[in-house]
Amino acid sequence: MTKTPNNWTSRDDAMVENMIRRGASRRDLLKMLMSSGVAAAAGGSLLMRASSAVAATPVSGGTLKAAGWSSSTADTLDPAKASLSTDYVRCCAFYNRLTFLDEAGQVQMELADTISSDDAKTWEVKLKSGVSFHDGKSLSAEDVVFSLNRHLDPAVGSKVNSIAAQMTEISKVDDLTVKIALASPNADLPTILALHHFMIVADGTTDFSKANGTGAFICEVFEPGVRSIAVKNPNYFKEQGAYLDSFEFFAIPDNNARVNALLSGDIDYAAAVNPRSSRLLDGSDDVSTLVSTSGNYTNLNMRLDMNPGDKAGFVEGMKYLLNREAIQKSAFRGFAEIANDQPVSPANRYHNPNIKPREFDPERAKALFEKAGVLGTEIPITASDAATASVDMATIVQQAGSQIGMNIKVDRVPSDGYWSNYWLKAPIHFGNINPRPTPDILFSLLYSSDAPWNESQYKSEKFDSMLIEARGALDEERRTSIYWDMQEMVANEAGTAIPVYISNMDAFSAKLGGLKANPLGGMMGYAFAEYVWLNN
Amino acid sequence: MTEPLVSVRDLRIGATTDAGRKVEIIKGVNFDIAPGEIVALIGESGSGKTTIALSLMGHTRTGCRIDDGSIRLDQSDITTMSERDRMQVRGTEVSYVPQSAAAAFNPSKRIMDQVIEIAAIHDLMPRAEAEKKAVELFRALALPDADTLGQRYPHQVSGGQLQRLSAAMALIGDPKLVIFDEPTTALDVTTQIEVLRAFKSVMKKGGIAGVYVSHDLAVVAQIADRIIVLKGGEIQEVGTAEQILNAPQHAYTKQLLAAFEPVPHQPVAPTAQPARPKPILEVYDLSAGYGHMRNGVPAAKILKSVNFKIERGRNLGVIGESGSGKSTLARAVAGILPAYQGAVMVDGMEQKRDLKSRSKEELRRMQIVFQLADTALNPTHSIGTLLARPLTFYEGLRGKARDARVAELLDMVHLPAALRHRLPGELSGGQKQRVNLARALAANPELILCDEITSALDTVVAAAILELLKELQRELGLSYMFISHDLSTVEAICDDVLVMYKGEVVEALPAARMSTEATHPYSRLLISSVPRLDTGWLSGLEQDPELLAQFANR
Amino acid sequence: MMADSSSTTTTIKGPSWSFNWVGRIGLGIILFWALVALVGPWFSPYPPGEIVDWDFFGPMTGDYWMGTDYLGRDIFSRILMGARYTVGIALAAVTLACTLGVILGMVAAVAGGWFDMILSRLLDAFNGIPSLLFGLVVVAAVGSSIPVLVLTLTAIYMPGAYRFARALAVNVNTMDFVTVARARGESTPYLILREIFPNILGPVLADLGLRFVFIVLVLSGLSFLGLGVQPPNADWGALVRENIEGLSLGAPAVIFPSIAIASLTISVNMFIDNLPTKIRDRSE
Amino acid sequence: MPQSLQPWFLVIQRLGIALLTLVIVSFAVFFATELLPGDVAEILLGQAATPEAVAGLREAMGLNEPAISRFVGWLLGLAQGDLGNSYVNNMDVAELISGRLSNSLKLAGLTTLVSVPIALSLGIGAAMWRGSLFDRIVTVLTISVISVPEFMVATLAVLIFAVWLDWLPALSYGVDVSSLSAMLKAYAMPVIALSFVISAQMIRMTRAAVIETINTPYVEMALLKGASRKRMVLGHALPNALGPIANAVALSLSYLVGGVIIVETIFSYPGVAKLMVDAVSTRDLPLIQSCAMIFCVSYLSLITLADVIALLSNPRLR
């Protein structure tokens, strides 16, 4: 057993592990640890533990039992309809995408051998050969055409219908080549195709009660709202297939119950553990944690077309009234990075580090509210458990408001129906945005004038034209600079206050090896089953 | 003289009331019982007679305990025994015949199992032998179908039979002492005779000693060798049955006996008012019943074409045994149970059958008084409120006028005016019945229907209520329809009598000629079944067994 | 004014309100919480929503008497404030449920026939729906606010109160004093209010107490499933729920609200169980 | 009517009433569901619910038909034994439910086996030795259990038995149930938690019912026959208290099917209660209806069973 300093937490463990993954040297790490007051000897053993977690040799075999946090009868094996982490995990295990994002956020080919384009408008996708579905059928261009075309059919109910809409033509060139034509140039297509919804299913599939994919696992049992059991695919096309023999996945919605199940050894993996449980996890040597900051955030949306968001100064005042540090420390117990009111997170390579987060400045906020003429009026804020930690954040804002004479009324509404009834609709409300791989998706989804989820009704012609320019720009430097400018515009002009990027903490048995953080989300971007192994 | 079987010395039993107050309910009682002797404990309710009887078995009811004194039964001292030892004595040495066998039989077990239970508990004999013995006892107690009776459930057997079965239950273990706790009080008179006879013969045959608890001197006179008169937990007088009946010493005993003397009714002279042609109540062809109505006729027909009339200022008595329909008659007349046929006329005016359709004035003129004052008076209303309500309701009286009238009503029924602030629960039984009456008087009625209003009262109290009724009649010119199962009560107050049997009027006569001139066999049976204050009455009584078989309610 | 003593009829003046020490302790705790609900918020050291400490699940200290919660808020202040919601909502709901149930029950008992039959069936059917599920559905439909909570809890407990009151009223209705009043020509409302109601009041009050306990628990159950009063306020059930992670750490933040709930419910039970026998026996 | 037929007539009458109640509930549930904001298409699309997408999905799912005609269609199907298809995943509702229901029944059955004997013996024992130390302990325990929220009991149980003592698994579903001991272990935790919740009420009611019959003349009669306390209570009081006890047990057990939502949540046990919550949150009408029917049927059959037991245990009604 390793002796650890008293104030050492799993959060710190995870940080050290992350640094090792990012390539920090042992000396850098020790220096960092010493500066934070950890004795050299203890620091050394900590490093040993962290390094072994990262660099152990893979072992084949075993059954992994993992628990997500939500599950219902709406669980689906149809990738187009996938809406919860639970669905993503299962789809990642049973299907493959054309491309995927590695831990550094770089696009890697999966089913595609190459994806190329000269003008970012017409794309050619060459498929790998020798890939077969679980039922034995070989992967061909028809399957890809079918899979992508599904998203355009409203009857399917695809979640990415609006993103897929830019694909005006999807056609087979030959058995292993597909041509995709876009409405307008978009250099991000390879990244877009890495979205979980763009999993490739077999041509003509309508029945999704069992998954027939090309993935590393074969679906053996699937009971919506209950569980799935997967077994290793012996004919997997990748050289190194899954290490696990089988993989059982279900959900334990209650955080406490999930943590307890992990602590008692009934499960090996507990996804998305509440930071409040960290103190409990710290006490156990059999459990490790993985923290990934992927750009998920809960934001406060003030509609610019409605009272009081339409009053000059109000939105800025609210941004100053957000005590980001309190939110980070209290609501997220440190499992968050302070953000600067724009959606592109540090995990994304286009993140603009020059925009500094606004300080908590109630006096300045007061002056701004006075200017807007809202000081002393009652401001209702709609929050819900549906948007992670929004109720706590609202409470924090409410407290800050009460100090400067702002009467902020928190309206907690049920999670059930929140997204259809309150989100985008209430004058001031909370949203929760999952990580997206490209700034283009984020901006066109959330901030362009015709964006379907324009949370604050932000309208700027300049912004719109910049978006189109960046999308077609193949020159990386040019794109980056446009995106940096756009981030600045959002931070200063839009009615969306983004206080922190939320870190996801997964907790798992110390026996589990091979886990790495991924910018697409927790559980290695939901694809962990294929990459992890169980040490004996 | 032989050693007494039971000797009780300075017995004191205390009780704790709900309020936590301690009271002594048996205050130092001494008596003996010789082997084979039947001793009666007689007294009014609250005299402690049942408490003493139960203490002989070492049992006290919840809240009571034996504080002092000793009870010796045969060789053993009941008071100092452990509960486990008392269990051994109960059923074998001393056993118990309860007041209401209907309640004392477990409804969910067969009769035979209960009768032979004592044998099973104390392991006295094998089951087959016990059953044989039980059947013999059934025969000895003159029970019909002795061989198969044990297979029935208690609800399938009549009250009189159950009472005899409970005696069989008590005798199965050959006890030395049997305690009879008012065993015939709940029975009809015609049934009572048979049961008494059965008890008497088995006790004599077995030479068993008995304690007979009762409030009824006439019944006790038939069965007891000795009588102990109790009042307020103390013995007033002890003596042989003959001596108590014929030469009472104590004033209280005399009072008890006096209450038994029939006081012949003096009809009120119709001088108070000029003669009116119309009777106060006329009933024609009245039929009523319960249950689902089909073609205007109910499923269970209780009352069948009853006709009678009551002249103003006169009283009509209605007698009959349980199930005769006499209470139903009162309810049908009052409209509580709407008749399905026939007519009720008050002062010549026809009344609607359902009381809901009768006018307030019609309702006012005819009032009904129920048997049990406990349930007839709302326990949450004060006496003043109870009496004030009819005054407000019928006459719209309020304030001082109403208060004055309430005081006047209380005075009429000889109750102190201060009582109006009390709740019914704080009053004695007789007082409650007076309030019950006063409430009817508050309506200033012309006719009062009295439904067994003295049946639940002790004899002395009942006699006083009857006196009160007569007095009120003289003062107010009332008429009563007086319903009772007790012939002597009816004779004491009524001018005319109806005898009812199974919903029909079988005889109608002036009260004075009832005992002598009744012709219907059932009337004759009823009259002959009323116990007399004479120790030889039961043994000398001859009844036609065929008549009994036809009419007795057993 | 004691006169007319009869030797055996124990005279009790109305329902006597003297009870044993267990009942008195129960009553004492109930009154204490009632007082807290009334004036507690004025004595709370911090605003209930204020984050006073950046640590979470803090221990008991001189500053924070009952520790801090998951956000670092003062638990003592939050319990004082929660008393108002827990006691208030439960009391409002139980009063409403019992009033409605008792009135309907008495009407059904007196009216009988079809009215009784249909009402009894309907409410029976309603009883078949699990109460927490019903609560979830309602809040999903109309959102969560104090009136909605009160009405939901009322709806959940009204059928029980109805059944109870109806059974009692049917018994009382057959008593002679009701027949006497009816024979006098009294109207149905008079029969219900003056004759029947006073006689079922005692047991109904005892039943009301038990229902109160269940409502406090259902309220905390609803809070556990995510419904309840608006932040930063919270009822005690919500306090337990939001701090339940602290249970494994033995945090006072979860222990004190639990004690608060238990002390209230246990004391109500103690009070009811030791009501003067006269009232209690009729309810058993 | 012949005496022997009377009980059967009563039973049939009760069944008829139960059926009528079911129909009433069905309509009530339907209207309640209609009152809920949003429909299955909107809910399924969640954040992606643009008007066009919702319209498309509605069309594709056949939701454009008026709700009442869909409901009547479902009722007609039900009459023929067809529960319909789930809107959400188009699976056969019967199939969806059957697995969950058997889980629920397994849990309910085990809990019944454990709690009913314990509760009845504690309740009867407390009544038998009324006022004794045992009675006081039982009373205090039941009051404490009634007074503590269910989720506290469940969470504490997990914490103590699974995390700290490591005696029992924290999850019940999907663990090894091949041997009897493994199965007992797997179900121990939810069964313990549920038993706590339902026993208290049963103990109280049993105690009250037995005490009431102990205070009858026929039990006093048994005492005067020299019967022991045990014989008085078990032989005489108990048979007559069966009716009310059966009623109390039925009421408590009815909780086990639909009311266990909290225990299902904490032990992540896939039973019907969670299924119904899911169905409500996705507005899946056929599923909601079917679950509601199950709750109602189980409630009514338990109550009816209790009625029948009460009838049969009473020779006067038999």
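Lettered A, B, C and D in written order, each chain numbered from 1.
Keep in mind that, in the parts below, contacts are C-beta pairs under 8 Å (C-beta built on N, C-alpha and C of every residue); 3 or more make two chains touch, one makes a residue touch a chain.
The structure presented is a predicted model; accordingly, all values stated were derived computationally and were not measured.
Comparing chain pairs A-C and B-C, the larger number of C-beta contacts belongs to B-C.
Ranked by distance of CA centroids from chain A, the top chain is B. Each chain gets a centre from the mean of its Cα atoms; for chain B and chain C, those two points are 46 Å apart.
Centre-to-centre separation of chain C and chain D, using mean CA positions: 23 Å. Spacing of chain A relative to chain B, judged by their CA centroids, is 87 angstrom. For chain C, residues that reach two or more other chains under the stated contact definition are 136, 140, 244, 247-248.
Shared interface positions of chain B, i.e. residues touching 2 or more other chains, are not present.
In chain A, 256, 260, 416-417 are the positions where the chain touches two or more neighbouring chains simultaneously.
Residues of chain C touching chain A in their complex: 47, 49-51, 54, 56-57, 70-72, 136, 139-140, 143-144, 226-227, 230-232, 244-249. The residues of chain A lying in touch with chain C in their complex are 255-256, 259-260, 274, 276-277, 279-280, 326, 329-331, 333, 383, 385, 391-392, 394-396, 398-399, 402, 409-417. The part of chain C that touches chain B in the complex is made up of residues 1, 3-4, 6-14, 16, 18, 175-177, 179-186, 194-195, 198-199, 201, 276-278. Contacts from chain D toward chain B in the complex involve residues 215-228, 231, 236, 239-240, 313-316. For chain B in complex with chain D, the touching residues are 54, 57, 59, 61-62, 87-92, 95-96, 98, 100, 103-109, 117-118, 121-122, 153, 155, 169.
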